[in-house]
Every structure is written in C-alpha cells, then in structure tokens.
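Sharing a structure here in structure tokens format.
By written order: A, B and C. Residues from 1 in each chain.
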Amino acid sequence: MQEKSKSWLQFLLEVIVLVLLFTLVQYALSAGLVNQSYQITLTSMCINVILAVSLNLINGFTGQLSLGHAGFMAIGAYVSVIITNFMDLPFIAGILGGCLAAGIAGFVVGVPTLRLKGDYLAIATLAFGEIIRVVLQNIDYVNGPAGIMGITKLTTWPWLYWAAIFTILIIVNLMNSSYGRAIVSIREDEVASELMGINTTRYKVLAFVIGAMFAGLAGVLYAHYFYIIRPETFNFLKSFDMLVMVVLGGLGSTTGAIIAAVFITFLTLALQKYAAMRMVIYALTLIIVMIYRPQGLMGNKELSRKTFSGIWGGRK
Amino acid sequence: MISRRNKKLAFLLAMMLVLSIFAGCGGQAGEEEPGGETATIPVGINVELSGAVASYGSNARDGAVLAIEEINAAGGVLGKQLEGLQRDCKSIADEAMSVSAALVGENIVAQIGPLTSGNVAGSTPIMMENKIPLIAPAATAANVTVDEKTGETRGYIFRVCFIDPFQGTLMAQFAAENLEAKTAAIYGDTSSDYAKGLAAYFKETFTEMGGTIVAEEGFVKGDRDFNATLTKIKGSNPDFIYVPGYYEEVAPLIKQARELGITAPIGGGDGWDSPDMISVAGAEALNNTFFTNHYSSQDTDPKVVDFVEAFKAKYNKEPDSFAALGYDCVQLLVQAITEANSTDPQKITDALANIKDFQGVTGKMTIDEQHNPVKAGVIIEFKDGSQTVNTRIQP
Amino acid sequence: MLEFLQQMINGLSLGAIYALIALGYTMVYGIIKLINFAHGDIMMVGAYVGFFSITLLGTDIVVAMLAAMIFCAILGVIMEKVAYRPLRNSTRIAALITAIGLSLFLEYITVVILGPTQKVFPASAFPVKAYNIAGLSILNKQVFVFVSAVLLMVILQYIIKRTKTGKAMRAVSLDREAAVLMGISVDRTISITFAIGSALAAAAGVMIGVYYQTINPLMGIIPGLKAFVAAVLGGIGLVPGAMVGGFVMGLLETLVMGYGNSLYRDAVAFGVLIIILLIRPTGLFGKNTGEKV
C-alpha cells in the first residue's frame, strides 16, 4: 500500500533526476567542457543504449533470438535520410518515417519468420538482415556501396537523450503491462502460454515490430550525426555487436543492457590506440565475462531503487 | 496500473518537449587553440588496422611510418621531430570520426588517412570543423574533396591519389585506341565505390568512342571464386575485359580467367599494384594485362628505387601502392610544413593548397584548386612477370 | 549446354569446400546444440598452418594438409575445454557469444602476429594443370578439391556409422543424459567431435589455399557464414544434410553468378535459405520432431 501512495512522489523524483542529468550534460556541452571526442562517445552511447534496449525486448524478454537488428537500423537510417536530405522535410518527419519504415520491415520479416524457433529464427533473421544490406548495395538511388555522404547533422544532444529515455520508458512500461507479462510467458514456456490462451504469434510479432522501430530510430539518429551511411556499416557483425551488449548486460534486463551499452562504448574508445590488439582485448573480455558470468552482468534482474535500498540496508 | 503509467508517460513527454525547446537555444562549444609550443610535431595516422580493409590501412601506415622515420633521421622538420600517432578506425566511418576527434584532442597538425573514401567522409566533418588538414592516401571518389551539392572544395581535405574519372577514362581510351577493342566486358568490385567509379567512367568513355559493352558483372570484396561469371563472360567473347578492383580479388580472377581459356586483354586500375599479382596469378596469366597507375614499383627513378629498398629493409616485404601513397602523404605534409615555415594547421593547409611540382614516389604532383593532385599517369603492362611501362600520359 | 556443364564443374568444387566446413558446424551443433561461429576461423588457422608447413618446412601438400588437420584438431579440443565446457549448462546464447568472442580472438590474434595482409600460397606446392575434355576445362586442383573432400566425407561417414566412437557421438547427440547412464563419457565424445569437425575445417582451409592461392586472417568469415547456411539448408545436426547443403549452396551460387545477376548472389542464397526454412523449418533432410510438453 505504501508503495502506491508514494508512487507519485517517486515519479516526480525520477523526472527531476532525468531532467537534471539532461540539463547537466547540456550545460557541460554548451560551456565547452566536453571535448569533441567525448561528444561523439556520448552520441554512440545513446545510440547503443537504444539498440541494446530494443534488441533486449526481442532477445531478452521475448526470448526470440534475432540476429538481424542491423538491417532495421539500416532501413531507419536510409529512409530518414531520403526524407530529410532528398526531400528536404524536417527532422521529425525523418524520425517518424524512419521508425515507421523499420517497423513495417519488422512486420514483414517477423510474420513469416517468427514461426521458427531458436537457432532457425536466428539464422533466418541474420539472412534477412544481410538481404537488406545487399539490396541497399544495389540501389543506385542511394548510391549503392558508396552510400550517402554529406548528411546534414541534425542529431543533437536533446534528441539523443530524450530518444534514449523514450525508448527505455516505452519498453519498461510495456514490460510492466499485461502485454509484458504475456511476452515474458512466451519466453518461459511458449507451449504453456499458448495453452493459457495467449496468442503467442501476435505478441512475438508485436515485440519484434517495436524492437525494429527503435532500431530504426537508432538508425535515424546515427545517420544524422555521422555524416555518411553505407550499407557495409550495417552488416551482420553490427548485429553481433548489439547482441554482445544485450548478453553482456544480462538477457531480460533493461538496466543491464544500458550498462553494457555504455561499457562497450567506452571500451571501444579506450582501445583506439591499440590497433588490431584492441579486437583481441575485446574478444577476450567477451569470453572471460561469459565464462565467469554467463548470465551477463545483471542476470535478468534490474538495477532499481530497490537494489539501492537493499544496499543502504533499508526495509525490504 | 496501465493508465497511471500512461499518464506519467504523457507528462514526461510533455516535459521533454518543453525542455528540448529550451535546450535548442544552447550555444556551441568553444574551440580549443590547436598547436602551441611542443617538442614534437604530432601527426595523426587514422587508418584501418582492423576490419574489412585492415590490409590496406596497415600497408599505408607502414609507408607513412617509414617516411616519418626517414625524416626524423634526417633532422626532422623545422628542427622538430615528427610524432606519428597511430589509431585504428576499424574500417567503419563512425569510428573514423571518433578517432579524428580524439586525435584533434591531442593537438595534431594534420591527419593522414583513412584509406577508403567512406571512412574519409566520416572523418571529414571533424577536420573541417577544427580546421586541420587531412591528407587521404587512397580515397578516390570525386566527392571526397568537393561537396557535390554546392560544388565547393572542402577546404581541409587533400589527397595524393588519382580520382576515379581519370583512371577509367584513361583505360577506356587505351583499350579503344591502342588495343583496338570494339567490345568490352566490365567485371568489377561492386562492393567498392572506387571500383564502381572506375567502371562508370570506363563505360562512359568507351561507349563515347564507339565501343560496345557486352557484359557487366560484379564481384564483392573477399570473393575468391570467379569461375561462374568468367564462364559467362567468355560466352560473350569481348575484345577487352575491364576489371577495376583490388589485387586481392583481381589476381585470382585473372588466373581463373586464363585457366578457363580467356585470352582477351584484361585491364584495371591502381588497385592492382602489388607484388602479390605475380605470385598469385603467375607471370604467364598476367601477359596481355594492363593497368593504370601513378608509377611503377619497378621504375628506375632513384626516388622509387630508394623507397622500395628502404621499405623492403624495414618490413621485409615489397611495398604495394597503398604503402607508396601513405609514404607520399607524409612527404607532402613535410613539404607543406617547410613551405609554410610553421606547424600551424591553417598555414599548413594554405601551403598544401599551393603545392607545386612535389616530387613523390608516386610521381610529380601539383595540387589543383579541387585539392586533387595533378600527376602523370602510366599504363603498365605485365610482360613475363615484370611490370613495364607501356604508355606515359602527361596531365 | 557446354557452358552449363562448365558451370556445374565450377559449382561442385565450390560446393565441396562449403560442404567440408558445413560438416564441422553440423557435427558440433548436433552434439551440443551450439552454433560454433569460430568454425570458419579454425579453417583460417588451418590454412595458415598448411601455408607455413609448405613454406617453412618444405612439405608437400598432403603432409601440409595432415599437419593442419592435426593442429586444428588440437586447437578445437582446447577451445572446447577452455571456452565452451564451462558454459555447457548455461544458456545457449551465452555459448553463442563465447563463440563470437573466440571467432574475433582467432581472427585478430592472427592479425597481430602475422599482419592483416594476405599471404600467397606458393604455386609450386601444387602445379596447376588444365585438362580439356570435350571442350570443358577441368583443372587438376578442382579434381583434387572434389576428390579429397569426398574422401574425407566417406571417412567421416565410416567413423560415425561403423565405429564405437561414432556410436557414442550419435548417442550423445540423441540424448545426453541417457548416454551418460549407458556409460558413455560425454566429455570425451564432445572432445572427439570438436577434433574431427576442426580437422575437416582445417582440410578445407588448406584446400582454399591451394584453390584460391591467397589466405588472410579474415578469410574465414564469409565461407564460415555460407557453410553455416549450407548446414541449416540441409538440416542442421545431420551429417548427410550438411554435405548436400554444401553442394546445393555451391551450385546455387554458381548458377546465380552464371545465369542471373552476380550482384544478388548473396541475397539469393539467403533468400533460398529463408524459403526453405519457412516451408521445411528443419531443413531439407530434417525430421520434424513434435515438441515435447
């Protein structure tokens, strides 16, 4: 009971924390306290958070192994650039268009493939992701393999930050709803949940489409920050990178996905000097983490106020 | 539960919107003063050391490092030693941008690399914003140095290599005039914008000169089996086959073409230039093949001979064109620093834009107003396992 | 017609290589349900071992292939012991991530030690001859690749069907718990599976070296992916499926390149895979086992 009466207060606290964090970084940015290298890292961080959290919805919560997330990111990126740079429409139209296109692609890919299970689904989504890339490579309208260069920089800190927060909120709220419980039940036991009268296909497709839309959003933000997009950027290795973040953070843990995304982004930056050795270090990190903590950093638990109150020795 | 959550969400979204509007008014970050008095001259080497094109990046890096060592051994520039800061951009454009930003933070006076046009594009906005020159060893796409939308030259971006139109046109003329080809097949690397560019200009010029393109096929980077497409091309029986791409794919391709009994002359661009061409394809298969290049590594010009010897001594391998171009990037930069008599990036940029008759390993070059090098081209023919200069074309 | 036959010959040699790699994928998958993404990179290591055996030790191609197979068999066993065994009872996705980690590790440790630039297999190791039979051009290296691949597959089939070890492998793959109760050493059987699969990949690596002449640290990625697709195509976990899948993949790619648009080769290969999966989710040869509740 206490929980409920306090919930508005806590909510307000959350909002204040979020806004404070935003304003703090915004101030630091405008005061020139953050050098360019960290500005880019900050951008990659937000984009990676969106990708990891959205892939976690599919892989972690729904338990459907998807290896085609980069394909949806590519669609979001390309469609939005066509809207903003070729058609000269405002950024918001690009964002909506990119997300919508990625969502539709998610639906088209998801409906037939989500009947498949486990590794078959993994390979089918990987195949779709690669097909998207090959098709982009052969479309002259978007310059084929050379990609689109000179994209107007429209992605700014407010967009990045609130897009990431928006993604997290939508997914956290989805998972706390009856939809979320249905989705988790699919992961736990698909046959049983079907027997309980849950239309598993519908929920799997729903999760897949939402995940794809946010991958599209990440693509939009990526394209309008990094100046150039090429089909090659979105190959299956990119999907692997996202999967690594999700598993490293802990399948089915949104906070885990966030932490892992931030960690991987900084790791990448820190290792720039080490040439090929960086990839060896990265690989070893993966292997060691998996051997000693196969459930990922967070397992399927969330980092929340409760975790902290536990640490402070507060009431249970 | 849900409705309350939704209310919260709506409230939060509204907050976001309001805040974002305020945030939009924020000013831009101030710029740091680059340069300053340092003991060494830091030069960024932002190249692909891992990922798909790691072999090009590391070869260019080797060339650049050799040049830096030679210059330092000879007393450096303006009495200071050059310091090469090597960074890996993973063959990804966004990483190239991130690396450039990190290098700018280390007060570099100029950046060498990345190799591919796409990765240079990733690096471009950072260099432009910070007004620090970038010298690209091998980015051949026309829009690397020129903004296609406005037609303006990108002020801080330079290169030491040919641009796509030059090589494609050159080979088309050579095929039509010297080889008297009436029909040609194009079989290029479609995953590379470089090869696609060459193919497009070859096609344009060749058809303008009255020739016919009888087949257009493509392979992608990493392919090693070309038999199927070659069998198809053989059926169309062209007088000439144009194979723009890099030696890693082209060498086995030519070998397989000859094994299938294709005897037509085959031509390509500077991506062919590597000692591996002969060791993979073999001397016999390479007979009757031609490629456009800046120079020949078997040139007797002392500058070339010295470079090849020094490279072999240091790395125990023969330099390919990337190594030579990486070497020239550093040499060009040094000439610019000397002419500017300053390590100020802006002054170096101005000097770079006015470079005339710079004698590099890959030929004598003058930087034009679009920041492209104007340099002589050669058509090199493989004859029984050695490169011979067939035709020299002055710009 | 002549051109078509020529394309078939091209496709069969390509398919033989895919099939050899696919076999390793499918064996490992069959026994521990793991997509061993590092498998393509084991092939790469095999190619390098073969290369150094020829260039540094001066061995001939057969010895080089055996050396590569032995080296990679040991490597496979070590990989399984160090990286996969601790994860045997955790989620499959954790094992998958480890496989991706191992794949990157093998690729970039090779880059660090030997450099990213390609190495050229000496032509003298396998002098190429072309035979002209009724207008068809057949190369001795095509024959070599095809024959040795088929030979290895026959040996493998013998091991699986006729030996005790093979019986143990089939038992573990069918029901691990029951196999333990029958007194089969699961650890040993899995080790042997990795050893055989890796040895086959190494053989494929040396063949690629001979066939295409160049090897580089990243050469395993694309053939690995294609072979994996081939394994799924045939029905993952099934040895005959992997062989047929490999050949189908090789022929399919060759036909797309020869008669269709070569630019869409990969898209067609993946497209066929998706269609097969949708019509027959367990692959061409897979049996549709009902789900246990």
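Rule of thumb we're sticking to: a residue touches a chain if its C-beta (ideal position, glycine included) is under 8 Å from a C-beta of that chain, and two chains touch if they have at least 3 such contacts.
All figures in this text were calculated on a predicted structure; none of them were measured in a lab.
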Touch-based graph of the chains, sorted into line, ring, star, complete or other: complete
Higher-contact pair (C-beta pairs counted), A-C versus B-C: A-C
Separation of mean Cα positions, subunit C and subunit A [Å, integer]: 33
For subunit B paired with subunit C, centre-to-centre distance based on mean C-alpha positions, whole Å: 35
Multi-chain contact residues (two or more partners), subunit B: 49-50, 52, 54, 190
Set of subunit C residues in contact with two or more other chains: 108, 111, 116, 263, 266
Touching two or more other chains - residue numbers and ranges from subunit A: 137-138, 276, 279
List of subunit A residues in touch with subunit C within their complex: 59, 65, 112-113, 115-120, 122-124, 127-128, 130-131, 134-135, 137-138, 191-192, 236, 240, 243-244, 247-248, 251, 276-277, 279-280, 282-287, 290-291, 294-296
Subunit C-touching residues of subunit B, taken from the complex the two chains share: 49-50, 52, 54-55, 57-59, 190, 217-220, 222, 224-225, 227-229, 231-232, 234-235, 248, 251-252, 255, 259-261, 276, 279-280, 282, 317
Complex contacts: residues of subunit C adjacent to subunit A: 29, 33, 35, 83, 86-87, 90-98, 100-105, 107-109, 111-112, 116, 225, 228-229, 232, 236, 263-264, 266-267, 270-271, 273-274, 277-278, 281-282, 291, 293
Residue numbers on subunit A that touch subunit B, as the complex places them: 7, 11, 15, 18-19, 22-23, 26, 29-32, 34-37, 39-41, 44, 137-138, 143-147, 149-150, 153, 156-159, 162, 165-166, 169-170, 173, 176-178, 222, 226-230, 232-233, 268-269, 272-276, 278-279
Subunit C - residues contacting subunit B, complex: 3, 6-7, 10-11, 14, 108, 111, 115-118, 120, 122-123, 128, 130, 137, 139, 208, 211-214, 216, 218-219, 221-222, 253-255, 257-259, 262-263, 266
